[in-house]
């Protein structure tokens, strides 16, 4: 048996629907035969009648509805058709779901699935990585699973958590990543994972960039350079301890993210490591992000816009030379 | 004569309306006798009939309309009633205005005024500092004036710039800041300002936190500690050179911002300085931001939530002890 | 499906039988007015931080919003819903505590004034962004349906300004898609009831200064929603008899407008009806007034003696799941 | 103000006089269909990256959207508007270049497929987020009014799905507030025309498979807007004869739906009319077809020979004001 990242997401939802009657799925076309834009809910409407609901094209109201349902005992999973469309729901997510617990002491257990990240030909409005916007605001958990296993266990965990969870699933990984089987349990939420051990350099990353970083690490390994790759798993909470421990071992930090370069996760990681672990660093920290333009449509441009194993490896070499 | 930060904003708009027929002002109640929620447009509708237009409560459409008008030769100034409500316009700002030039080669010269930042009693939805969200995305200029003079010249500059400008004006400064007269010209956009020279420590900040930092600096000065305060003026573009030059002089970096702690301007500054000027630092960089909760209503909570001269000075002392 | 009941004019309303809950409703209106007058005076005296937003002139429609809901129904009040909130069951001390920033109020000083609620008691806590509460109410009703509850309704209020928001549009549309038992009550001086038909709502418009009409129309809209009719839109014409907040002197309201019938004070009209029709005697009326004043006094006094929050002692954790708090420093 | 013209049935339409621009419109439809078929075949052959989104079945209404606009008018087309774009003046090679990612196209490989336009030529470049273009069109019209232009109109298209967005709602409402000469054409299988009245638009519904009706109704809506009437809403009922994009086989469309009158192919119906009424002879018809094929071939060939963008050579600057580019590294 072999299961993809996308199938893991579908399986997690099936399990949740099966085992928890509070769960329902809510999004555009999720209940149709198509099963959402990426078929992440394919077949679920049939298997769980009345619990996989199509919505109008109304991202604000979709999340607003989910909030209201969550306040009344449900555990809605909202599917955004693309992460990019969550810009329409941003107010409900940040200002309603994100503030609710602190204001009222009543938590809002919604899970918002954001199919994000670039794939070739998707262009400026179907490629975005929005984790940094959601992580910037208080009151939200922001998950960025990078493996099939995490895609599965973290989605299950997301629904169990009483707070609103932004679950950033990467479209590029949907079909590219496969696993043999799905685990019962993953690491605890908020704990980063050492995806690869190495002594020369720490690469801190998440989501699809974990794969690129692992490829870069292999390339570097062939040159005798051993990179440690830390997969953050959640960018909020961000597991500073694991990152610091790794930097303590390697003395060098490279942060890799796919979103835009100003601010965001890579800046946050560098700020934390340099603030809390300045003395651990033997060289200036380095980061790679996407370029500071909209995400291009053309594959040639797209592959130059995002970090890749090649550019990561190149930066790593520079950093190791310092 | 004495002129406030708020009056400077009004004066800038009056001058723009007077001298540039492409300019119009667009927002909720801006054309009423009230002159917007803060009277920043008071009297302008009367002085410039037909050019200060009230809108429905439709932030998305307000910005969309401004975009369409800008594409057709106008220079709209949009007033959000509070920065916090720009969450509704976020899609138009980030995905429409922000992407337009790169996609089509046709720029979108809109200025969006965001009255932001905390004041006591304003609570979670009338206090936000949103610069970090806008700066994260490509295609926008993000201004954060901290003085009466800058409030004036930068708004004039914002309208002159062909690209979309997010003009973050701080409500706390509206009445608190006064100047004797308005300057003809300010520093070029994108250039930071040394608000105070000092040899022991560099405080990099912007908007209302410049005042708090200057107060902190004075407090520290009484103890013989000389802080240099860098007022970024625009957080995007961010004047890394001026910051680095200051850190080169002082060897110590403290970043102060009023927005939420994850990501954002302070993380970005630290990431830049440690990446490009690691060897300049004699101690770990430090940052202070607001706390990671919604902005509280109660004055006691609010003043503990945001950085203040006191907490800034305390951090600075710690940093100087290192 | 549009039912544009002709605006019930006061003349006809006079002849209509007095609603059985008229007296009860009047008392909530009185309480709301008394409370809000007190809040305004506290504000003027500098005792309230931030704004004070009152519902003067809207008590008739607001009380009707709260009065017909049961404990298990969902109420998402808006800015000017003091009367409705009280009628629905909000303790008066919640108002005082929230305005005065007490640590013991439902918002514990974290949020203020009208931004309050007790979601666990089905009183949603509005966020400022207008329109946002419509879909949240829909969601609450969907949850009840999922859980197999029966005969519940949800009601939310909105101003005519708020109806222009995309959020309100999406929320109303989704209510129709889901056919939840929602009543939307719009406080509007224009007749926006035509929107009902476009959403597949049943729509009514009425004179919001006329308590009897408010009780009749909203009472029946709630009943219809409860009975499984499509979502209901009630548009009540009236004038806000104050500024947006107490910082706003409403000087933009012209004398001409003030002379319009819809600019009359619903509370005075209701009282006149009580007197004219001798629904209660003067003595009772006075005792109601005294009672309202006493309740307000008590609520304010309590709140004033409450502890205030303190920054050092505050729990700065925006998550219920504490162990997931990001350790930033 | 709602004018719900009864859906013009094909039978009556047959009797209605043939619109004077019927032939011209048909040729644009033919061109659009030919182009889109070619795009689909390129897509199936793996020559197009990303999606292909076609307007099959919607050409009649789309062509009418573009046909009555002058160069100075504003057109904000949507996903399925190939016919209208061409009729408005978009060079066919723009389509080919955008789909094939040419560096010489209007989007120069930075954006693709339907996300194209030439804003300087009054063809707005849609963003994906549905509804967003409505207010942008309103703004363009306000600018024209500010500049003292006269007799201009703006037209934007939207699907029935898109009409549920808050953005569309706010945009339509603001059009009415500003009384700009806007025509909104909704491609919808349901009758959403009732919304018109709620916004203060004039509304019409029609059979979108009937080219003559499309020309009549949209032509007159454009004329009315140009003459200063309130904003116009035209709702055209029809079925999309393809999936959402070419990755979608539309297997969810049941046979029963396909048998409905609104599921007919407007291009075939128009051609039948041409043949039945002998509007042109078979020879001419064939030459039109050949001409369309030749134009498509030329556009595609040109685009295929164009240079493609390259990452190293790209100008990664999202600002027009280059000197304000943030120096990140």
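Letters A, B, C and D mark the chains in the order given here, with residues in each chain numbered from 1 onward.
What we mean here is this: a residue touches a chain if its C-beta (ideal position, glycine included) is under 8 Å from a C-beta of that chain, and two chains touch if they have at least 3 such contacts.
These figures come from a predicted structure and were not determined experimentally.
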item	value
Neighbouring chains shared between chain B and chain D, ordered by label	A, C
Taking each chain's C-alpha mean as its centre, the one farthest from chain C	D
Contact-richer chain pair (by C-beta pairs counted) among B-C and A-C	A-C
For chain A paired with chain B, centre-to-centre distance based on mean C-alpha positions, whole Å	30
Chain B and chain C, separation of their C-alpha mean positions in angstrom	36
CA centroid of chain C to CA centroid of chain D, Å	45
Chain centre separation in whole Å, for chain C relative to chain A (CA means)	40
Contacts with 2+ other chains: residues of chain D	107, 110-111, 115, 127-129, 164-167, 170, 173, 317-318, 325-326, 328
Sequence positions of chain B contacting 2 or more other chains	56, 58, 60-61, 84, 87-88, 91, 95, 98-99, 102-103, 124-125, 138-139, 236, 238, 262, 276, 291-294
Chain contact graph, described as a line, ring, star, complete graph or other shape	complete
Chain A to chain D touching residues, read off their complex	32-34, 56-58, 60-61, 82, 84-85, 87-88, 120-126, 261-262, 291-294, 296-301, 303-305
Complex interface listing, chain B residues touching chain A	84, 87-88, 90-91, 94-95, 98-99, 102-103, 124-125, 132-133, 135-139, 236, 238, 259-260, 262-268, 270-271, 274-279, 281, 283-287, 291-294
Complex contacts: residues of chain B adjacent to chain D	24, 55-56, 58, 60-74, 76, 91-92, 95-96, 98-104, 106-107, 138-139, 141, 161-163, 189-190, 236-238, 240-241, 272, 276
In the complex with chain D, residue positions of chain C that touch it	131, 164-167, 169-170, 173, 192, 194-198
Touching residues on chain D, where the partner in the complex is chain B	74, 106-107, 110-111, 115, 117-120, 124-125, 127-129, 132-144, 146-147, 166-167, 170-171, 173-174, 177-178, 317-321, 323-329
